[in-house]
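Take a look at these structures.
Each of the next two complexes has chain A plus one other chain: chain B in the first, chain C in the second.
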Partner chain A sequence: MSATRRLQKELLKLQEHLPPGISLVQADNFETWLMDIKVLDDNPLYRGDTYRLKFHFSSSYPIEAPEVTFITSPTTPKIPMHPHVYSNGIICLDLLDRQGWSPVHNVESVCMSLQSMLTGNEKNERPPGDADFVKSNRRRPRDISFYFHDEKV
Partner chain B sequence: MDSDDEFHSGQSSDDFMIDDDSDTGLPEDDSDIDEVDIGFESQEKITKPGRKSYEVEFKVYSPQDIQSYQDKQIDEVSTILGQPPEITAILLRHMRWNKERLIEQYMDAQEQMLENVGLDQDIAGPPRIETKKNFMCDICCDDQPGLETFAMKCGHRFCVPCYKHYLSRKIKEEGEAARIRCPGEDCNRIVDSKSLDLLVATDLKERYQELLTRTYVDDKENLKWCPAPNCVYAVDCGVKQRDLLKIVPTVHCDCGHNFCFGCTLTDHQPAPCALVRKWLKKCEDDSETANWISANTKECPKCRSTIEKNGGCNHMTCRKCRHEFCWMCMGVWSEHGTSWYSCNRYEEKSGSDARDAQAKSRQSLERYLHYYNRYANHEQSAKLDKDIYIKTEKKMSQLQNSSGMSWIEVQFLEEASRALQQCRQTLKWTYAFAFYLARNNQTEIFEDNQKDLEMAVENLSEMFEKPVDQLAKLKVDMLDKTTYCNKRRVILLSDTADNLKAGKWEFNVELTG
Partner chain C sequence: MKVTIKHWRAVAAWRWDMPEDDVCGICRNPYDSTCSKCKFPGDECPLLMGDCNHSFHMHCIFHWIKQEASQERCPMCRQVWKAKGSDARDAES
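The block that comes next holds the complex of A and B.
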């Protein structure tokens, strides 16, 4: 599978070098990886917190975007506050959508994009309609068509 | 000869593409029609001289027709712009097939435009597969020597298997065709058809063409797909969105499906699209109440036995007590004998109790139910008639055997059945229409027409249920009734369409296009 070969290479690279604030938690198969990210500057919304990301790869990766969500764990109890992150961890980012995804992106670049998405944010809020969405959503992130109404955040 | 033809076809469709001054697009006056953006060649259009006022002009196209017309347009523009066809195709799709605007903008700012669609100016040499030294594919991270690679003019190079995988995923899973971009990050270059030919397998090419054709029809205002399941035809009609308050453009697809070109719902003449939307929404909101009040069954007014209607006609005879009554008004049937049918009309109550708000709301619900019941009844009856239609064929062959009639001679049954279907469809919508009509003289005429059609349909429907051995004797009568039904339908539709066009109907709600 091309996904396996590509992920092997990515993993080698990640084990060799990681950008600051990003760490590899678990990658013992080529389906699900866990990554931790930290916001580096002094943004009061995220200061001192670490957030965990779950990557799920299909066999069509990297042609198809991975499914990326924030999850909680004993060491990372929070889902970051952001107007594009629902409280159940689902992320609304064009990069992870069909239209915005390019096979040239990789785990590292996704982590960095999310890191910078958090860094640049000043709003201590959830997306509009968060409560309803979290209550009713049973779909997987990739089957939801988000409407990217705000390119600035 | 060839060049002559080219010139002609170019000329006539040039004329057609100027669509801004076609004001009404209404089919009555042919002078207008000529200016409507038809998009297809003028000589292909049929002008039926005897067209009724409720009918619109349209044409049905097969996928091959659409393909060839598309190709023709691309060729034409290609010569004007001096660009190869595959580039022209991308440009045309980018401009949603608005040829004039494309040529204008292209002449104004050629480079800007090519850049916008991800094509820059140096288009030299056909795309080809190459092998590069020291190459590593950014998608699969493969770096073995001799790996076949491909890149478009943007220079984003990937190995051929990855490129193929990417394209087939876009085409197969995501249904994209006209706007597939380079797999490179943030690259807006669109994969042109030559590159696609090089990389994509034959079976996918078919799918790709299909998708391209689909975007062509979706992009053009005068083309719409027939919404019937598995139908491959598209319909070309010049009626514009802004005309829909004045006209109900029902078109007939070659597959046999009749639908409204405006909203693609099943034929809803005489009610205009905006009214239909309102009505359907209302039925959705109120349907539970309505269902609750008038469930599928009714009780015999005499002996209270529960009765389910299982045939198309309103003349009910209770199995238990032999009481004959009308399913609509539950009145005694014999009373319908002389004054016949007065139960299509809602008797507006006098204004005396209008002050009582409760009575008012009850009345408005009652009024709604009056129309809804009749609407639903025709819908239901049409379904039942359809069941009968399926049995008709059997009846027809039985009739051929029992009475020695030929195949041609029993066709009247099929005709009758078709007339019933069509009239019921029309009647159904007359009740939605009437619900929103303000009361005036026009309404009286409308209700009279409605009553006449209703009567004619009921007569025919009743005849239709007769046992086979009686049908042969009824042939002449049935033929007459069929003709009469169709005639009443034409009268009703013509009257409503004329008034709609002249803006003479007053509605009790505001309709917006």
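The block that comes next holds the complex of A and C.
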């Protein structure tokens, strides 16, 4: 209920104004939204690509962090290459982690953080152990305690 | 011309003494409105300011502080949350 009210407000604002490179793809309910993001500078790793994000909100949002993953679709066939993004779309970002989330964040601020996380990246790499993680992981992103390999990326 | 007042009604407006147009960072409702769970604004759904000078609806900040993940920190600045003036009151009593 409180999640719905807060998301309604966010949706109205997003429909009115979106930051550059961020677009709202789908928000027909208050459980799952799809957003597209583009990297605006000329970073050769992401030039010309659009990436799709899936947001999943629990009824305790924004007290609880949304679950945010990259997904592929016919118009967004790639998962961005980044040392904190697994090839199955799971993102390791402190902001989305249980310990790093704050209820003053919102869909827009998460999109902008991910956009800037990509903008600043120069490594054409997956996280260490990507192949094994992607093969064996059955947990939901929120239940994974990421070990932050590198605080600098 | 002489006017005789037969009836009058007083109408009062109130608002919290806060910067105008500001919203609670947690529920995004205006300070003068309620948290997401209350129906009527005012004393039943008050605001709470922290030592860090960040304000929220009391119900919103309590809901957050109750979470283990909050580590009892302010959602804005991540300083340990302490309601403003709570020390002074403790000292008096």
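Miscellaneous remarks
Everything that follows uses one rule, which is that the second predicted complex is superposed on the first by the 152 of 153 C-alpha atoms of A that agree within 3 Å, B and C clash if a C-alpha of one lies under 4 Å from a C-alpha of the other, contacts with A are read in each partner's own complex, and residues count from 1 in each chain.
What we mean here is this: a contact is a pair of C-beta atoms (placed from the backbone, for glycine too) under 8 Å apart; a residue touches a chain by one contact, two chains touch by 3 or more.
For clarity, every value in this text was computed on a predicted model and none was experimentally measured.
When both complexes are overlaid on chain A, the residue A:K9 reaches chain B and chain C alike.
Of the two partner chains placed by the overlay, chain B and chain C both lie in contact with A:V104.
Of the two partner chains placed by superposition, A:K38 touches none, neither chain B nor chain C.
Shared-chain residue A:H56: touches no atom of chain B or chain C. The contact surfaces that chain B and chain C form on chain A in the two complexes overlap at residues 2, 5-6, 9-10, 62-64, 98, 102-104.
Against chain A, the residues of chain C that register as touching in their complex are 25-29, 35-37, 60, 63-64, 67, 69, 71, 75-76, 78. Put simply, chain B touches chain A in their complex at residues 138-142, 156, 158, 161-162, 165-166, 169, 174, 183-187. Contact residues on chain A toward chain C in their complex (touch as defined above): 1-2, 5-6, 9-10, 62-64, 98-99, 101-104, 106. Within the complex formed with chain B, the residues of chain A that make contact are 2, 5-6, 8-10, 60, 62-64, 98, 102-105.
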